[in-house]
Amino acid sequence: MRLNVIKTYKLYVGGKFIRSESGYTIERHSKDGEFLGHACKGSRKDLRDAVKAARSAQAGWAGKTAYNRGQILYRIGEMLEARSEEFAELMHAESGASLEECLKEVETAVDRCVYYAGWTDKLDSVIGTVNPVAGPFFGFSVPEPTGVVGIVADPSTALIGMLSQVLPVISTGNTCVVLPADDYPLTASEFGEILSTSDVPGGVVNILGGVQEPLNPHLAKHMDVNAISLSNAAADTEDLYVSEGAENLKRIRSGEADWMQPDAHSLSEIQKFVETKSVWHPVEA
Amino acid sequence: MANLQEKPTSSSRPKLNFGSKWDYAPAPESTAVVDIAPEYGQFIAGEFVPPSSGQTFETINPATEEVLSRVARGCQADVDKAVTAARAAYEGTWSKISAPDRGKYLYRIARLIQDRSREFAVLESMDGGKPIKESRDVDIPLVAQHFFYHAGWADKLEYAFPNQTVSSLGVAGQIIPWNFPLLMAAWKIAPALACGNTVVLKPAETTPLTALLLAKVIQEADLPPGVVNVVTGDGEAGAALASHPGLDKVAFTGSTEVGKAIRRSAKTRNVTLELGGKAANIIFEDAPIDQAVEGIINGIYFNQGHVCCAGSRLLVQESVHDEVVQKLSDRIATLRVGDPLDKNTDIGAINSREQYDRICSLVEAGKAEGAEFHQSDVPVPGKGFFFAPAYFTGVAQSHRIAQEEIFGPVLSIMTFRTPDEAVAKANNTKYGLSAGIWTDKGSRIFKMLSKMNAGVVWANTFNKFDPSSPFGGYKESGWGREGGAQGLGAYLEVK
Amino acid sequence: MSSLSLASLLSPGAFDRPVDQVGANERAAKFTKRSIKTEAKHQGLLMAISMIDLTTLEGKDSPGKVRQLCTKGIQPDPEDLSLPHVGAICVYPSMVRTAASALEGSGVNVASVATAFPSGQLALSERLKEVEQAVSDGADEIDMVINRGAFLSGRYQEVFEEIVEVKKACGPAHLKVILETGELESYDNVRRASHIGMMAGADFIKTSTGKVSPAATMPVTLVMLEAIREHYLETGRKIGMKPAGGIRTSKQALHYLVMVKETLGDDWLTPDLFRIGASSLLNDILMQLAKQRTGAYQSADYFSND
C-alpha cells in the first residue's frame, strides 16, 4: 500500500500560502482522532501583514469592472463545485458532520457564489440614484466599497458562514481579512486554495487561522480596517468591536443568521459594506 | 494672443483698489419680527415645562455678547421624561396613524416654517451669529424644503428599498450642533418622523432658540404630544440622551471626538454620525479660475467656516498657484465682516468665545509651524467674536492646519503637480466628508471623483445641499447618510 | 516679442480660460443681494447718472429728437440743478453733427455707433469710412460692432485686425467695441471676444447693440469685467466697460455698480471707465432721487419724456 502524503495547511495572505511568522501551529484531529494536519496559528503580525495585503489590493480590485468581478465570483463557485466532494470530505473530517450534510453545505456555498456574482453589475443601478436637486446641477449618488473589512468568521459553520460573509464584502470591491472559526481552520485554508485558482487577485481575500480570540482586539483596534463583519458572535466579542472599533468608526455588521437557508443572502448584506458617494456638477442653462 | 503683450514685472504689477470710494450704508434687518421670551422651558409631551433641576443658563448673541434669553439646563431627569413621552407617543399615536397622515403633518410643518421664515432667519442670526443673508437665503429655505421633501416619503417608504420590508425603529435621540442649528434639526426630525419614529432632540448649548421656536411651530401644527420633544442643555444633557437605554436610535452631528464617545456609550447599536471634515478643494490649471475662486470663497468662508464639509484644504496645481492666490487675496478684500443682521454682511460672528479661541490657537500653531498667514484687513467690530477671512500659504501636509479641523474662516493652501499627487494628498486624512474638483476636462472629473474618499464630491461647484442628495462621510467623518432615499435607511429597519 | 516663447504659448492663458456658466450666474446674482440704502444709494444714483450714455438709435431719429435728448443729458432734472450731466449722448452717425453742436462746451461727449451698426454687414472699407466721417463730424467716442460672423467661424485674426483698423480710423476718438453678446451666446465666447477687443486696442468693451435679445445681463457683464481685470493685471492697461440694453431701473444700475466695485475696485467707479448704455434709466433714477428727497413715491408725469 502506498504511503499517502499529508497536506501542509497554510495561511493565505497576499495571494501566497505562507506559514505563520510565529511558527506556532495547532494540531488538528478528526472527531475519530485521526491526525488531519497542522493549522498555522495566525499571530498579530500575520494579521498586520494581511491587512497590509488587503489594503494594497483594494484599489485594484475596486477598479476592475463590475462584470469582471462578477465573473471572478462565479469562478469561485465553479472551482468549489468541481472540488465539492473533496471539500465535503475535509469538512466532514474536521467538523464531524455527516458527509451528506457537508456536501449540502458545499452546494449551498456554490449557489451563494452564483447569487452574489450576479449582483456586482446590478448594484449601482438598483441602489444608485439620480438626485433631482433644486438647482442647475446634475446630482447622482453611487455606492462605493468601504475599503478593508475584517471578517470574524461565523463560529457555527465550517464553510457557508464564512463564505456568506466574504462574498457580499468583496462583490463591490472591498478586500478582506478573515479570522476563520476556531473549529474549522483547515477548511478555511482549503478555501484559500479555491480562491487562488479562481482568478481572485492576491490580497483580495486573506485568510488567517488558529484562534480568533487573541486576534480580536488587534483587529478591532486596527486603524486601517474600515469595517467588521460578525456573524453569530458572542455578545462580548461584539462589545469589543463596537468600543475599540469606534476609534476609527469601523462600520460593523452583526447579528444571528442561519446561513444554510437557501435565501440567507440579500442585497442588504452588500449594502452594509458600501458608502454612498454623492456627486454634483453644474448644468448650463 | 494673450501673450502678445509684454508682461509687467512683478514689482510693477498693477493692483486693484478695493477702497472706500463708495461705502455701503448700514442695512440692518429689523428684529421686530422676533419675540424672545426671557426664559424657556423644555418641550416635553407637547408642553413647555420647567427643568427638573430648576436650573437655566444664558444664551447670548455672539455678535454683541448680550444675553438673549435663559433656557432650561436639562439633566438626566429631563431626558428620562422626554424619552418616556416619546415612547408613549410612539406606542400610543404615532405608530398608529396612517402614513399619509404622517406626511400631512410634515407638510404642515414645512408650510408653517415658510410662513415664519423671516422670524426664524432673524432669530438664527441673533443666536448663532451667521449673516442674515445666509440664514434668510440658505438655512431657512433648506429647512422648509427638507420637511417638504420628507413629507412625501412618509407613504412611499417601500419604494426606497425595493423588494425589502421596512418598519420604523421607535424612539430616536438626536443631538445636533451649533453651526446650522435649525437646518440640522430639520435634517434629523424630518426623516425620523417620515419613517414613523418619535424624537427627543437636544440642540446645541449656544444655539437653542430656533429649535424652541420650531417646537412652537410643532405645537401649532398640532402634532400629537410627545412625537417631538426638545431638551436643551449642555454636554451633560447630550451625554444623558446619547446613552439612554430607552432609545432605539441615536443620531448625532458634531465633532468626531464626541461622535466616537457616543458610539461607545450608546445602548443601541443603531447609531448614525455626521462628524468632522478637512475637505480638499482641488483646482487644476485648466479650471474656470474665476468660478473656482468663488468656489473657494463659498467653500471656506460660508458660515464663518463653521461647516463640517468646508473646503478647508485648497490643493492648487502649481502652475496656477500664484494666480489663484492673487485672485483670492483680491476677493477676500471685498468680504464684509460684521453685524450678522446687516444684509450686506458676508461673514458674521464666530459662534462662541470658545470657538474663537480655538481658531486663534490653531492659527498660532500654523504660524509657528512655518506657514505664511494672510488675513484681510477689512474692519472688524470691537465687540463680539469676529475673525476676518484668512488663509495660509506654504502649508505642508504635516502641519496641524492641514490635518485638524479649524472650523473657522481660515484656509490652508497647498500645491500639487499631477492628478495622482492631488488624489494622494486629498485622501491623506482621517476624514472623508467632502471634496471639490475644478477642471474643464470631463474625463478627469470622473477619474478624480471616483478616487476621492469622500461622501460628497462637488465638481466645478462647492457647498451645495439638497434634501434629495444623500450627505455623509467616509472614514472618521461619519457613518450613515442624511437625505435622499439612502438617508431613510438611518430611521428604518430594512429586511 | 520675447514673450512669444514656447512656455507662454503652452501655458493656459486668459484667452482660452473656460467660464463655468452656472458659477458665473451664481456670482452675478450675489451682487443683487447687496442692500444699497440712504446715503450710499444717493451717491450711487448720482454716479450712475454721470455714467449714462443716453441713447437714441431709431430709424425715426431726427435732429429735433436728438437736440431734446442732448438738453436732457446736460441738465437731467430742471428741479435739481446739482445733478451731474450724463456721460455721453449716443446716436447714429447721421446725427453726430446735430449732437455735437447741441453739446458743445457742456462736457457731455458725443458717442456715435458706427461700422454698419447693428449688424456690421458691410465691407470693411465702408465701415472705416463711416467711422472717419463720424469722427470728423465731431464724435468723441465710436461704438463699433465686431464681426460676429468671422468670430463664430473661428476667424479670430480677422476680427482682431478689423478692430485694429477701426481703432486707427478713430484717431483721437475713444473706441468702444460692441461684442453683441446675445449672438455669441456662450460665456467662453464672451471672454474670448473681450480679450480680442482689448488686445486690438479697445478703450471700452461693450455688451450689446440693444437690437438683439438678450442684451446686457449681469453675468455677461461680470465675465467681461473679469476679462478686463485679467487684462489689467497682465498689461497695466485699464479698459472701460459698457453694459447696454435692458438696464432700465435704478436698482439694476446700483447692482451693476456693486458688481464693478467688487470686481475691479474703486478705480473703475468713474465715467472714464464705466458707462451704461440706456434711455429710460435716467428718468427712473430721477424719480428715485426725488423719492429720497421728498419721501413720496413719484409719477412719470412729473419727469420730462425726451
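Here the chain labels run A, B and C in written order, and each chain numbers its own residues starting at 1.
The rule is simple: contacts are C-beta pairs under 8 Å (C-beta built on N, C-alpha and C of every residue); 3 or more make two chains touch, one makes a residue touch a chain.
Just so we're clear, the structure is a prediction, and the values are computed from it rather than from any experiment.
Undergrad: I want to compare two interfaces, A-C and B-C. Which one has more contacting C-beta pairs?
TA: Higher C-beta contact count between the two pairs: B-C.
Undergrad: Indicate, using Cα centroids, the chain positioned nearest the centre of all protein chains shown.
TA: The most central chain here turns out to be B.
Undergrad: Centroid of chain A to centroid of chain B, CA atoms only: how many Å?
TA: 37
Undergrad: Calculate how many whole Å lie between the centre of chain A and the centre of chain C, each centre taken as the average of the chain's C-alpha atoms.
TA: 69
Undergrad: State, to the nearest whole Å, the distance from the C-alpha centre of chain B to the C-alpha centre of chain C.
TA: Each chain's C-alpha centroid was found; their separation is 42 Å.
Undergrad: By residue number and range, which residues of chain C touch two or more other chains?
TA: Within chain C, residues 20, 22-23 contact more than one other chain.
Undergrad: Pull out every residue in chain B that's touching 2 or more other chains.
TA: Within chain B, the residues that touch at least two other chains are 460-461.
Undergrad: At which residue positions does chain A touch at least two other chains?
TA: Touching at least two other chains: 137, 282.
Undergrad: What part of chain A is in contact with chain C in the complex they form?
TA: Chain A reaches chain C through residues 136-137, 282-285.
Undergrad: Mind pulling up the chain B residues that touch chain A in the complex?
TA: 145, 162-164, 256, 259-261, 263-264, 269, 273, 275, 430, 445, 449-450, 452, 454-461, 464, 466, 468-472, 474-476, 478-479, 481, 484-486, 489, 494-495
Undergrad: Within their complex, state which residues of chain C touch chain B.
TA: Its residues touching chain B are 1, 3-4, 8-9, 11-15, 17-20, 22-24, 26-27, 33-41, 43-44, 47, 156, 160, 195-196, 199, 226, 229, 232-236, 257, 261-262, 264-267, 269.
Undergrad: What residues of chain B sit close enough to touch chain C in their complex?
TA: Chain B residues touching chain C: 1-8, 12-14, 16-27, 133, 137, 285-291, 294-295, 319-320, 326, 334, 343-344, 440, 460-461.
Undergrad: Where on chain C does chain A make contact in their complex?
TA: Checking each residue of chain C against chain A gives 20-23, 25.
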